[in-house]
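First chain A sits with chain B, and in the next complex the same chain sits with chain C.
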Partner chain A sequence: MTDITKTPRTKMRRSSKRSIGNWIVLTVIALAAAAVVFPFIIILLNSFKSPADYASGNPLTLPSSLYFDGIVNFWNRVNFPEKLWNSFFISGMVAVLAVIISVLNAYAIGIGRVKGRISLILIFLLANMLPQEVLLYPLYSIFRAIGLYDNVWSVIITFTVIQSAFGTYLLASVFGTFPKEVLEAAALDGAGRWRTLWSVVVPISWPTLGVLMVFFFIWTWNEFLIPLTFLISNSNQTVPVAITALQGDRLMDVTTMSASALLGMIPTLIFFLIFQRTLTRGITAGAVK
Partner chain B sequence: MTTLEQTPATRVASPARRSLTGGASYWWYLIPGFTLLAVVIIIPLFWNIYLSFTDYRGVVAPEWTGLSNWIRLFGDERFWLSFRNSIAMIIAMVIVPTLLGLVIAAALFDVVARKFGPKVASFLRATYYLPQIIPAVVAAIVIGWIHRPENGALNELLEMVGLGVLANNWLGDPNTALFSIMAVLIWVQIGYPVVIFMAALERVDPELYEAAEVDGAGWFRRFYAITLPQIRPETFVVALTCTIAALKVFAPVYALTGGGPNNATIVPSYYTYSQFFQSQQVGYGATIATALTVVILAVSIIFILAQSRVERADQEGR
Partner chain C sequence: MALQRNLGLLGIAALAVTITVSCGAEDRTGETLKLWHYENETSAMAIAWNEAIEIFEEETGVPVEFEERSFEQIRQTASQVINSDEAPDIMEYNKGNATAGLLASQGLLSPLDDAVEENGWDSVLAESLHITSRYSEDGVMGSGSWYGVPTYGEYVMAYYNTEMFEEYGLEVPETIEELEDVMQAFVEEDITPLAQAAAEYPMGQLWYQLALTQADRQWVSDFQMYENPVDFNGPEISYASETLEDWIEAGYISADSTGLTAEDAGTAFINGTYPIFFSGSWWYGRFIEEAQHEWDTFLFPGEGMSPGSSGNLWVVPETSQNKELAHEFIDITLRPEIQAIMGNNGGVPVAADEADVTDEESVALVENFNLLLEQDGLAFYPDWPTSTFYDDLNAGLQGLVNGSLDPETMNSQIGADYEAGLDEN
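Up next, the complex of A and B:
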């Protein structure tokens, strides 16, 4: 509110300094941003048209009447709530388990300073860099052998390891700078290592762990290759796999296809709106270290 | 064990310290993580390398064939084609987004945020980042929908503006299919460098710019002499992570073209997948996957060595 009352004056001051060049830069940058949003708008406009409406107008016209059949058809066809639940369960489990594993690993490496920690960090980093194809066939055989093939837990276990490899790398350096005095105070109070971890280290690093959890969730949600190969039955599929599976389908008309893309985008767009601040903080933290 | 030898002096001074640093018992905390890592990553990795020396169709046990898969790989035109297409993926995911990202981030930071307010700048930044958050495969479906041959949005729009002759079967034509995939990747990727570089620019000391301005250096001079060298660490991180991602591209190719038409869009990752699950040539697929891993490792090592060399040269120069 205070912002609004303040702006007129600051705006005046600012605009007096704006040159034509500034306006040109703003226009170019805004046009480029519009180009980035353009595909979203096209999908949004055409998901609410009937196929006849689409054929009679052009892709940029507003729907002549709101048509929900495309969305409803696709929703029922893939049993969308089931796919949402699968994706949500897999990503949520991975987010929690991978953070726990990362914390345990990083506690030993960053605070415990175990011997050979540099090589350990390199191994974890490597695990995160590998192309998933090298794991594909052996994991497929392992999961078949232990009866987890075509079971969501095969995907949960795999991504818990892949995401925690990155988490270990990041948290080990965060824990490496953990204030020694705090640890010493905990030890003087008679806390063992296990207690120190859960009642001192974890609560203090909670903001970082939260960022990691959000990232693990979204990264896992967006994964494609491993869910595609390990979850073959319809009822186990995740949102991205289910949406891709129907793309070649001749029975789907043009606007239902558009609706399928819309349904694929909506969940992650909602996460983005909820976690926008956490996300931008996290992305930059990862790169600047 | 080693801590026992080290500690006599410190043991008396601070008992707290001894129990917190070093010591074998921290190894317990690595057991769950390391066991999982061994089962899910390390064993499969070596298993896959072993498979690359065998003939394996997925049914009867793998049969050792020595180097024959590797010899076949070096003479396989499709394999080399897939890596040539990887270069196109690198152009689309590394070179174009990094260059555009630098320009956009600098413009947002220097001009938009200063003259039009930080709110406008962060709104535009979020806009550029939007495609990054949707699953890559959904991004591909969005762009694929726009590119569809019959009554697709792109063709209709071209007709609207009188360029109907340019209308094309974008994904079915070998001349344009690769460009359509590249378009998806540029669109998805552009927001990442913008966000990273804007954060990097905030880190740069404004006094450097003020001093340069006093010396009469223009915007381009300042960008070249101050901005670029100052944000070099972030540029390395962006270039390395995006190059690895470009070498791994799979989902857009799977969803849009299946490597076709006529192998025009085949990439190593998709080639591996098709050998595993379409041709049932598991041994040969494992060979391609191992080769891809070697390339990714080599690229990472080269990047990291180059970065440390540049940093060292920098420190000596000062």
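Up next, the complex of A and C:
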């Protein structure tokens, strides 16, 4: 991974002239970025419009005056800080727990090379490939039976399992390429399996684990169907579920919906910006030299 | 002295007895009524129901534990929640075979027949509102036990921009010919008269309305409750599809409407792009708030039936711990004073005294609904018969609007879809 990303970068710095190929790549990237930003712009534009302002123009016109009622209404109506805390607690717990489980699984599969590891990995992948709709009824019966229905832990457990399945798959292949010399050195120094894991493997793969944690957090944050189904009380709900509170049977309030989407997006954006450095480090690091 | 004291003691004892007795009958300490609904807090329904909650708490002394739900959440999770300990004692739920009917047929809703009889709800509510409240064992509306009670109604009417009508010297049409003349007058001024949206429900409701002008009550029962097979090449549906095609050709409906949603059509009426919008009473409150011109409404010409029905229902889950209390609450929401609150806030009450509705902007809405009820004119919605007919009908109408289907082909196509949908039911 390191080699691929690093070589072209150094090359680019050396040659001051950009080839046609470079320009094409640049245009494609710029277009892709514009396509990604477009929904954000729509949301931003409409979050600050009054409903009448929205109706008189179209979704792309600039607001004629700044209107904050949509945001304030949504904030108060769904008790947003409570939803924020729920989402934060659930996503945070899932991110940490799923990474721990992934590391333990992957250590056994990738470095421990247990028997039947290919089939094990395939089974783990299944958890990710199953559509969530299939999981709903079995999970509903289980959580009702053990009394976790309408409890945030039902969602935490479900997503810890789903995310760690993916984490196991990914980490197992990363650990599969873990330099043997390092492990042998650790063994020579008298480290047992447990010690090798925590003092050698984990610190070295820390950047990769960081990336996983960030992704698990954001993925879980954006989940909708399972939280919607299992978190019945308003006081347990997450941000994406709260946003649907505004969608009516036949009518929708576009401006307040935009405002809610904006509020729902900001936390993940902030989280992403904070851990942005972890992400880039995780992608470029990973091997030991 | 002794006698007096004894008398006094007796009095106290008697008082104590009455207190205990009354406590015995009304001992509701520790009970709560768990209530869910999904109406926006500024809507007429929520305003009226909030008042009902206060009256209920005052009269019974039982606190109401109200949680506002989202429509989406109830739609996706109702059958699971209702089957668990988290179920509410009473909740709002969508009427229709695929929603309330389905839950009733699964035994998840508690039948309300005794409460209906006891409180006389069947005489408070007009006959045509009973249909969506009663479901058979298979979950088909129209017969069987009562499973829900509506407290508001809804119907489809024509909204029109009075400023534009005045500008061109036009009058409210009283026959379909007059309506066509009005639309022709707008077309001659280069204005498309009808705000329409074929991507969502508005076009289907206009189509159904046109069919209703040629139909009788039995045809509606056949179409909605499967009493007899429906002939999709019969006079009712042929008239609807052919008239719609004529209107599209004459320019009364824009060909662009294939890709438009109800929201687009509604906002285009609000900002005065189109002078006439044929749609439901659910827009009424929003137009009062947002319309940038004067407007009024009229029922579709012809004094016949229109799309419409009772609103959503109060249902009592089978798992409800407080069925009696739930019935009491339903009864309060049907009281004239609560119904009047609904009527005065842009809602359509089902049991209001017209004299109590004093809000000028709302009077016409309530009067027209009552007129429809008198004419036995609530004909439900075109997408109700099967779970897939909404998409089938929209696909057919989009073909008609963009010219890829002629009326006859469209009728056969949706007729086949309808049959296929019935087989699945």
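Keep in mind that, in the parts below, the second predicted complex is superposed on the first by the 210 of 289 C-alpha atoms of A that agree within 3 Å, B and C clash if a C-alpha of one lies under 4 Å from a C-alpha of the other, contacts with A are read in each partner's own complex, and residues count from 1 in each chain.
Throughout what follows, a contact is a pair of C-beta atoms (placed from the backbone, for glycine too) under 8 Å apart; a residue touches a chain by one contact, two chains touch by 3 or more.
Fair warning: this is a prediction, and the values are worked out from it, not measured in the lab.
Once the two complexes are laid over each other on the shared chain, residue contacts for A:Leu246 go to chain C alone; chain B is not touched. The wider contact with chain A, measured as residues touched, comes from B rather than the other of chain B and chain C.
Of the two partner chains, chain B is the only one that A:Ile42 touches; chain C does not reach it.
In the superposition on chain A, contact is made by A:Asn105 with chain B only, not with chain C. Once chain A of one complex is fitted onto chain A of the other, the partner contacts of A:Asp150 are limited to chain C, with no touch recorded for chain B.
Legend: residue contacts after superposition of the two complexes on their common chain; A:Ala55 is shown touching both chain B and chain C. In the superposed model, A:Asn234 makes contact with chain C only, not with chain B. In the overlay built on the shared chain, the residue A:Trp221 is in contact with chain B alone; chain C does not reach it. When the shared chain is aligned, no partner comes close enough to touch A:Val202: not chain B, not chain C. Shared-chain residue A:Val254: touches chain B and chain C both. The residues of chain A shared by its contacts with chain B and with chain C are 54-55, 225, 228-229, 244, 247, 254.
Those residues of chain A that touch chain C in the complex are listed here as 51-52, 54-57, 77, 140, 144, 149-150, 225, 228-229, 232-234, 241, 244-254.
Contact residues on chain B toward chain A in their complex (touch as defined above): 2, 14-17, 19-23, 25-30, 32-34, 36-37, 39-45, 47-48, 51, 104, 107-108, 111-112, 115-117, 120, 124-131, 133-138, 141-146, 148, 151, 153, 156-157, 160, 187, 190-192, 195-196, 199-200, 203, 233-234, 237-238, 244, 247-248, 250-251, 254-255, 268-269, 272-273, 276-277, 282, 285-286, 288-290, 292-293, 296-297, 300. Of all residues in chain A, only 14, 17-18, 22, 25-26, 28-30, 32-33, 36-37, 39-40, 42-43, 46, 54-55, 58-60, 101-102, 104-105, 107-109, 111-115, 120, 123-124, 126-127, 129-139, 142, 157-158, 160-162, 164-165, 168, 180, 183-185, 187-188, 193, 196-197, 218, 221-225, 228-229, 239-240, 243-244, 247, 254, 257-258, 260-261, 264-265, 268-269, 271-272, 276, 279-280, 283-284, 287-288 touch chain B in the complex they form.
Contact residues on chain C toward chain A in their complex (touch as defined above): 38, 40-41, 67-73, 76-77, 80-81, 84-86, 94, 201, 262-263, 267, 270-271, 280, 282-283, 286, 289-290, 292, 312.
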